[in-house]
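Before I ask anything, let me first share the structure, which is written out below as structure tokens.
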Amino acid sequence: MRPGARNKIVGTVKSVKKGDVMSLIKFDVVSADELSSVITTESADELDLKEGDQVELVIKAIHVLPIKRE
Amino acid sequence: MRPGARNKIVGTVKSVKKGDVMSLIKFDVVSADELSSVITTESADELDLKEGDQVELVIKAIHVLPIKRE
Amino acid sequence: MRPGARNKIVGTVKSVKKGDVMSLIKFDVVSADELSSVITTESADELDLKEGDQVELVIKAIHVLPIKRE
Amino acid sequence: MRPGARNKIVGTVKSVKKGDVMSLIKFDVVSADELSSVITTESADELDLKEGDQVELVIKAIHVLPIKRE
Amino acid sequence: MRPGARNKIVGTVKSVKKGDVMSLIKFDVVSADELSSVITTESADELDLKEGDQVELVIKAIHVLPIKRE
Amino acid sequence: MRPGARNKIVGTVKSVKKGDVMSLIKFDVVSADELSSVITTESADELDLKEGDQVELVIKAIHVLPIKRE
């Protein structure tokens, strides 16, 4: 199986907190070499990012989809 | 400034491809120790993740928000 | 009213589970003829999808917006 | 592989339109029996959905992740 | 029609830029009295928001769904 | 710090409701002049928005990211 998304990080489960409807799972990152971000070209112009610039990459937890190998 | 999201990865810009409306920015990951995922408790039950399990964490590029320090 | 999104599935409510902050609603699908997906062109190249290929379409429950006719 | 999301629709590729940064893929839906939605409990109270109510389920194309079996 | 989301802002179209696959639409905001945000309780604890605190609310353009009245 | 997203609304915290895993925070909007939306060009064609048209902008609460100035 291959998901149509380039950002694939490998992690190991650290904790699972089950709530009534939603659950929070924490992972230790094993590997994460490269990440891609898509933003509007206007935001890209405004941010004016250049090769080598250091940034924070913020990802809401609800947008992280764990896929288990079987 | 502090964003209300725990998943903060630090990366450096590797390339910027500007399109007509959207742009793709690639980053080399500098640090990414821990990641959190929120899924429905039903999905968590189905996935049956246990401490130490290795998973892939898939994140669509449109959900990665770069924040530049100034 | 017309939403600016092409993916409109019609469903009937099967169950409602109300949690403290978030609620989970399940629907039986009545009709869902066509679905569109937008991914990066890089991911599309990597997936190499051709007409007729069969795929799974995964959608997190938090990205499904119910709209009630009145 | 098992994704941590319950909404799995099976579809076949109908067309692929590659743009400069993003691509649009259309699918004919083969099967889609049940869908889950997560909304705030406040919105659920406001919508006041009852078993059997018919609704439209709107999903932005950028939130549909194709996964290819290999 | 009533969407299952509390954040409904009213705006007027200011400009439309059509790209090959994605389009960018800008709106002047006519009314936006109250907004709701859902984050993990861990992030909420970390942010430590108190009544009256002023914050920036950041929303990626791909998460704004225009709905046209007819 | 500058986030790579043009939609920045300023708000003040009105209430915080902490749930087991997710929390709901409500804000009074202080300023929100302009908002951008990105949709597929096909949806844009279908919506047929023209300068001056009035629309509702719907945003799920999970897509609103509060950022605290310090």
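The letters A, B, C, D, E and F name the chains in turn, as written, and every chain counts its residues from 1.
As a convention for this text, a residue touches a chain if its C-beta (ideal position, glycine included) is under 8 Å from a C-beta of that chain, and two chains touch if they have at least 3 such contacts.
Quick caveat: nothing in here was measured; it's all calculated off a predicted structure.
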Repeat of interface D-F, chosen from C-D, C-E or B-C - more than half of residue-number contact pairs shared: B-C
Between chain F and chain C, distance of the C-alpha-averaged centres to the nearest whole Å: 21
Approximate Å spacing (C-alpha centroids) for the pair chain E, chain F: 2
Residue list for chain E, restricted to those that touch at least two other chains: 1-6, 19-24, 36-40, 42-44, 47, 49, 56, 58, 60-63, 65-69
Touch-based graph of the chains, sorted into line, ring, star, complete or other: complete
Touching residues (chain side chain A, partner chain C) in the complex: 1-6, 19-22, 36, 38, 62-63, 65
Chain E to chain B touching residues, read off their complex: 17, 19-24, 37, 39-40, 42-44, 46-47, 49, 56, 58, 60, 62
Residue numbers on chain C that touch chain D, as the complex places them: 3, 5-16, 18-30, 32-41, 43-45, 47, 49-69
Chain D-facing residues of chain F, complex: 24, 39-40, 42-43, 60-61
